[in-house]
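Across the two complexes that follow, chain A remains constant while its partner is chain B and subsequently chain C.
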Partner chain A sequence: MRMTPVLSRLAWRYLWRNHRRTIIMLSAIAVGSWAMIFMTALSRGMVDQMIRDGISVLPGHVQVHDPEFLNDPSVANRITIPDRELAASFDTAGFRAWASRVKVPAVVSSERESRGVTLLGIDPAAEREFSFVSYDDVEGRFLEGPGDNGVVIGRKLADKLETDVGKRIVLMSQDPNNEIADRGFRVVGLFEASMPSFEESYVFVGKTTAQKMLRIGDATTEIVFLGDDYRDVEPTYERVIAAVDSGLDVRRWHEIDTYLGTMLRVMDGFVLIWVIVIFLALSFGLVNTLVMAVFERVREIGLMLALGMKPTSILAQILIESMLLLATGLVIGDVLAVLTIQPLQDGIDISVVAEGMEMMGASSVLYPKLYLNDVVLANVVVLILGFLASLSPAWRASRYEPVEAITKVG
Partner chain B sequence: MSSVRCVDLCKTYRQGDQDVKALDHVSIEIDEGGFVCLVAPSGGGKTTLLNAIGGLDIPDSGEVWVADQRIDEMSKGELADLRLANIGFVFQAYNLIPVLTARENVEFVMQVQGVSATDRREKSQAILEEVGLQGLEDRRPAEMSGGQQQRVAVARAIVSRPALVLADEPTANLDSKTSDELMELFTELNRHHNTTFVIATHDQRVMRYAKRIVRMLDGRIVEDLEQDAA
Partner chain C sequence: MNIVLRLAWRNLWRQPRRTWLTTGAMVFSNTLLVFMISLQFGMYELMIDNTLQVFTGHMQVQAPGYKDDQKMRQSVPEILPLAARLREDFGLDTIAARGWAFGLASSDERSYGIGIFGVEPDYEPGVSSIPGLVNEGRFLESHDETGIVIGAVLARNLRVGIGDELTLLGSGRDGSFAAAVVDVVGIFESGIPDIDRNFAEMPLGLFQDVFYMDGAGHQVVVSAATIDAAELLAPRVAASLPADSELVVHDWDALQPGLKQAIQADMSSAFFMYGILVILVAFSVLNTQLMSVLERTHEFGIVMSLGLRPGRLGRLVMLETALMGLMGFVIGAITGTIFTTWFTVNGLSIPGMEEMAAMFNLPARIYPEATFGTAIAGPLIVYAFTLLAAVYPALRLHRLHPVEAMRVI
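Let's look at the complex of A and B:
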């Protein structure tokens, strides 16, 4: 420890002995670090958006169903607990939000076209936290309560059905006895969604209206819960398990939408691989810089050894030099990354590739997402791998024989 | 009591396809407080002997004792500790660390020894004044003449008052006035602090200050004379 100040001073001074080489290497590290963080933020933003969109449409963070519902999503497999009993259990359990809904497959028909859709019977107030639809941006109006008799459909579906606000459409599904359950609705609103497929797939009606149409009394088919963070879903899951009937099926969002769950895990792996790949490119420059830096001062290393500096101190000096170089480059890269990501927080319009993005389940606006964990990961991985890459030149420097090093001819 | 004792030292270098005997059964004993000049033509073995005494080079055979410790069997770490605690070095060239200022160069050994910053500052200032470098403390080696650099190296070698100073052609880059001043300084340290000096040199002026002249030729000691120092 007592050698640290002198070794650090030597390392820093030697670093700047060859300004040009150091600046070039610093630039490479800074750009590499920026690329790691920037690309990670873009990828994270895309996956984050996919998951948030996915969660807002379907799962919430945790869902409760009848055990058979996910295999056969019909009202035959419904939850028969009335809302007031659910409210008694859940309102004080500390969830950020919860809602019960009727969700069944249905067919929607206009006078010209028919389409298969998912019918969502909702209480608009309870669903506000879950919905991918901004109620205030709906053309016409959104549903005003669970007993609303109107229907809100997506703009794209309206185009396909050749219908519009004020016109009537018919929704048809099955009741618990597998009899046709249908009803005419007046279109009261058209919504737009970041994902065009959502506009074609989902139809919103009042929950009570849907229950009447499907003849299921006050039963529902799905209860959804929102916790604080989709990445840390366990606390919410545990609270739901504690609060619901053990006969019901409780699942986390990534168990329901396995694609999104896998996406999240793949993303974590991708970030690490991406960081390592960029580091490998950097490592050639780093090792070359250190080898040259050592080669240039063989005599001085010999002198230090002759004066009584131990080989371990020479090793430490080269490693400190490497760490200072990397740390300085990383700090510059980190600052650059923050400065370039911050102005893009309102989103990057990638609508030119919207169809491709939609196939992946991503929206056409990309919101870069800078997570502290990713920045820390990139920095720590580069420092650790940099340390390992520096060991060889540092070890060689520490093995010089003083007399040979001092008499070495330039 | 002897400061340095070498017993039957041999060292052979490979030069091209020829073996060169740099030390050929050399034995020498130097008492504490000795002031010895090793005199030899180039390739005579004086620098090799100096390096062996300083633990910088390990002989092929024989024994080297410094401060009553056998150093030819020591590990690199033990040798570093020995040099740090007991020996000051002045090399002919490439003596200074170019990224450190004159003061930092002088303080370097003390810093490695763990001397406090205040003591380092005090001692380095005093020794730099003693070697006539006041006002140049913050210059780097590249900003000083060869003579000034050599004086910084001397200051560094003696600042922590080592028991033994090994100097290889210490006056090679100095003018006669500075050489005399340097040798006066060595003599004073030798007299007042009983510091042992072993100096490899060609310089007749340096030899005048020595109490003992050891002449070498082809790796062997051919003459060993006591004399009255100047």
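Let's look at the complex of A and C:
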């Protein structure tokens, strides 16, 4: 250990003795680590956005339904606890936001067309934080309260139904006894969403209006909760479990939208595989460089050994050389990555493939997301694997027989 | 063997470890490229086939504007005679007429909004996989007067089985109220929940009666033997449509624009990754060849002072690189093909990927297949970059002065 400063200095100088080779290797490491981080940031950004969009329609990090509801989304499977009781138990538990809503499949008809939609009966004040619709950007107006008699639909749906603000449409669903429940609504607002399919599939009406139309009293079909971070829903989940009646079904978002949940897990795996693949491609060059570096100075190594330097010091010196090379390359790559990602923060427009992205569930603007965790992972993996890959050349260097090494002709 | 070739070959093996390491980098990248490219293109093909064979077919004849708006009145008049004529003109059975409407389906206990297709029972199996997926009851027959086939999830949600009645409510082509009572004769299960939950099929004749179509429909679906054949067929179908009609032919790409774009998006990210791999290999080669040139400065000085021109030495270095690259190419392409073939036999499944696969109509287990094209595309590019990387070391030789070079030890 006492020797480390000397060995490090020696290693650093050795690196620059053949500066061309070192520069080429540094470029390779820098390009590799840049690619690791850049690609990871792009993919993370895409998945993040997908999940945010996805959760915003679900919405809520934790949801509560009647146990039968997800298989059979009918008002027959409703939650009968009135809001007053819910509020009593939830408001004290300190959730970031929660709301109860009526969500049922319905058919919407104009005088021209019919379409299938999901009807959302909401209390607009309670859902401001969840909603994928920004209330202020709605053409016309958004719902004003749970008793609002109007309906807010997506712009795309309005086009297909050939309707507009001020015109009337009919919503049809079923009541708990399977009688057709229908009601005419005046369109009061048109919303736009990041994903065109959202605009076609959701219509918003007031919660109490929906309850009246469906003849379900003050019952709802789902209760949604917002936590602080979608990646870590456990604290919210635990609290919801503790607060609600055990007869209800409590689920995390990734249990409801398994595609998005899978996406998140697959991403984590992808990042690791990508980092390892790049490292492997680099490792051949790294080992090659070390082998050359050792080969060039066999006689020096022999001399040092003959003068009494311990083999472990030779081993340490080569390893330090390798680590210095990797660390310098990584730093350059990291800086490059940050510099190239920074100007892209405002989003990369990929609307040429918008419909394709929508098929994957992603929107057409890509926001790269640089996570410290990913950067650390990339760097640590490269350093650890680089260390392991350097062991063999370093070991061989330290095993030279001094006399043979000195007399070797280079 | 040519003397220069022999010289180049021997030079390579002066440092066997270095040569193997550099070749190793190529073999690694090539193996990975062969596997990834085979997997990727195999998946694209599956994705396209599986998606198109559900409903879309290779092309459709529609009224103008129908593709984007799908409004009831954007219809194709006299659709059955048109489909029959097209079948006859092109000698193809895989052409079928359809109508599409939205409606509320009610059983005794439940009501759900669904998409309802009116189909030609005799020809629908030629353009869609749905008839073949009926695993309970039977598919429609042309004499069915009140039959309907529904998805398995829908059947479960509506709590109906074979022989049960459904009431359909919707609006007809003229906007009037449409209603019918139909009997469930079959239940299909595609395994894709969205399809099994949201669709039903009934005979086109019945559909036309219920929705006041007056002989019209919405799409004539045409499938060709292959995607490539479809490309040739599309303009011929377009040309055979009556000149005075406004009907248009949309190919699958126009009908499912997301499909090609999803593939493009996936390809561009894949190509970025491949590019990085190739660049890293090029760096490795550059390093090796530069070192091998610098090592031989003394030796090169001597042969140059004996009259050898730097250009010939440069060619020698390029030849060495070409030989090394060739080894990487051949070994990499072979290992890559073997690696891929292992998965061709055993299949590739990534745990937890089922949902993602289903999203793109892919099976949970994929059998990638290396073709000649996918086996050499990646290695060829690696080879090109290998040669490119050796250009700088080879050109450096021109700067060598024989006398100075000889002094270098």
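Here, the second predicted complex is superposed on the first by the 409 of 410 C-alpha atoms of A that agree within 3 Å, B and C clash if a C-alpha of one lies under 4 Å from a C-alpha of the other, contacts with A are read in each partner's own complex, and residues count from 1 in each chain.
Keep this in mind: a residue touches a chain if its C-beta (ideal position, glycine included) is under 8 Å from a C-beta of that chain, and two chains touch if they have at least 3 such contacts.
Everything quoted here is computed from the prediction, not taken from an experiment.
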item: Clash-or-fit label for the pair chain B, chain C on chain A; value: fit
item: First (chain B), second (chain C), both or neither touched by A:A242; value: neither
item: Touching partner for A:R13 - first (chain B), second (chain C), both, neither; value: first
item: Partner chain in contact with A:V403 - chain B first, chain C second, else both or neither; value: first
item: Angular separation of chain B and chain C about chain A, which is computed from CA centres of the superposed model and rounded to the nearest 10 °; value: 100
item: Chain B versus chain C as contact partner of A:D72, first or second or both or neither; value: second
item: Of chain B and chain C, the chain that contacts the larger number of chain A residues; value: C
item: Touching partner for A:A35 - first (chain B), second (chain C), both, neither; value: second
item: First, second, both or neither for A:G308, with chain B first and chain C second; value: first
item: First, second, both or neither for A:I273, with chain B first and chain C second; value: neither
item: Chain C versus chain B - closest C-alpha approach in the superposed model, Å; value: 13
item: On chain A, positions contacted by chain B and by chain C; value: none
item: Of chain C, residues touching chain A in the complex; value: 15, 17-18, 21-22, 24-25, 28-29, 32, 69-73, 101-104, 106-115, 156-157, 169-171, 175, 198, 257-265, 269, 272-273, 276-277, 279-281, 283-284, 286-288, 290-291, 294, 350, 352-356, 358-360
item: For the chain A and chain B complex, residues of the former touching the latter; value: 2-3, 5-6, 9-10, 13-14, 17, 299-300, 303-313, 401-403, 406
item: Interfacial residue positions of chain A with respect to chain C in the complex; value: 20-21, 24-25, 27-28, 31-32, 35, 39, 42-43, 71-74, 76, 105-107, 109, 111-117, 159-160, 162, 172-174, 178, 180, 258-259, 261-263, 265-266, 274, 277-278, 280-282, 284-285, 287-289, 291-292, 295, 350, 352-361
item: Sites on chain B touched by chain A in the complex; value: 51, 54, 56-57, 76-77, 80-81, 83-85, 87, 89, 91, 94-100, 104, 108-109, 111-114, 156
